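Can you read through this structure? Questions will come right after.
To keep things simple, chains are lettered A, B, C, D and E as they appear, and every chain counts its residues starting from 1.
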Amino acid sequence: MNLGKVVGTVVSTRKEPVLDGIRFLLVRLVDTEGKETSSFVVAADAMGAGPGELVLTAAGSSARQTTMTQNKPVDNVIMAIVDTWEVDGKTKYTK
Amino acid sequence: MNLGKVVGTVVSTRKEPVLDGIRFLLVRLVDTEGKETSSFVVAADAMGAGPGELVLTAAGSSARQTTMTQNKPVDNVIMAIVDTWEVDGKTKYTK
Amino acid sequence: MNLGKVVGTVVSTRKEPVLDGIRFLLVRLVDTEGKETSSFVVAADAMGAGPGELVLTAAGSSARQTTMTQNKPVDNVIMAIVDTWEVDGKTKYTK
Amino acid sequence: MNLGKVVGTVVSTRKEPVLDGIRFLLVRLVDTEGKETSSFVVAADAMGAGPGELVLTAAGSSARQTTMTQNKPVDNVIMAIVDTWEVDGKTKYTK
Amino acid sequence: MNLGKVVGTVVSTRKEPVLDGIRFLLVRLVDTEGKETSSFVVAADAMGAGPGELVLTAAGSSARQTTMTQNKPVDNVIMAIVDTWEVDGKTKYTK
């Protein structure tokens, strides 16, 4: 999974019909210190994530293993909201 | 998903027979500001996307989850035309 | 899909038995101008592609969606020979 | 598979229900000398790996081929704890 | 597929039970001239490859399409030993 921060929203009305009702969020990847990188993904939001929240995203066929995304042309999904993480025993982020 | 801009077309007459009728578009990836990068993909067009349009593309097995691409040797598909997106509360693109 | 140029052949006699009869080609990726990059893949040739031809390659599980590669340990396949492509209305390559 | 070192833990209470009970670990990738790189993944822990342990991680749909991760939105899993590895006949790491 | 050279072995006793008996090899990727790069993968050895041999590796779900790796948490497999390859009509490697 990737660790990222929700920084925006992508809106599309013309899309594959099965995608109706799915929210697409812009997730900027962060490093282990929580610092934003220049990489980002657009992910389906299976969690009701809000702006600024740190999340985990799953890619590839694993992105279709949620009730919301099953059998849909979606290759990235937010499947968890992060509460906290630590590296080498030090807390790097707390919600 | 990746965020990209349709910049061209790839034409092929000699191809896997199941690919007949599928249009292949050149999609240049853009950053969160909408600026074109040097990366690009060739994607099957499930949406009737036109030149200059901003689109979302899904890769891998997820690219086969549209009616047009099912069970076909296609690893990238345009599954949505983007209307608008915003980052940190600021609109970065409007169609 | 990736856009690439067939530049060579890889020969292997000791391989998974199901791979017998499949030709493996060296495909160097090109940029949107048709200029060769330093990246390359080894792809199963489902099209009878010849040296110097520009091709499309599909990766991952999509590489197994041709008659030749089905259920085989192959993660890249040439599924189309390119006739021509254009970017921003300008033809960049014609066979 | 990737070779990595367990350096931290990611905690999430709000997540896809099927992920309850799965521990997510921060795994920093290492080079063939065992030196940590700047790349990392968040992986489901199928092995009960501890901090500082060197592990192998499997990505993509292969990450769902363990009893713990089957059919779950997880794209990276720790499926082995490394005892030792050698390169060019020289031992680079021993647990 | 990737073109690589077997440079080492990874040993693990604590692993997913279904992985018992599978040998994990360190494969350093090479360029089209056969020169080793800094990239490497750890691959399941379906071929009985030896140190120094040039091999082809398949990644993702395709890595599970050998008898040895089927349904197992393995995302990279050696599925062929390379005898020779040529680029632009010149032989770059002969076993």
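Quick note on the criterion: a contact is a pair of C-beta atoms (placed from the backbone, for glycine too) under 8 Å apart; a residue touches a chain by one contact, two chains touch by 3 or more.
Keep in mind it's a predicted model, so treat the numbers as computed, not measured.
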Numbering shared by both copies at the chain E-chain D contact, with half separating same from different: different
Separation of chain B from chain E, taking each centre as the mean of its C-alpha atoms, in whole Å: 32
Chain centre separation (chain A, chain B; CA means) in Å: 20
Where chain E touches two or more other chains at once, by residue number: 59-61, 63
Chain-level touch network, classified as line, ring, star, complete or other: ring
Chains in cyclic order, anchored at chain D, direction fixed by chain E: D, E, C, B, A
Residues of chain B that touch chain C when the two form their complex: 7-16, 18-19, 24, 26, 28, 38, 40-43, 51, 59-61, 63-64, 71-76
Residues on chain A engaged by chain D in the complex (per definition of touch): 1-3, 31-32, 46-47, 56, 58-63, 65-66, 77, 79-89, 92
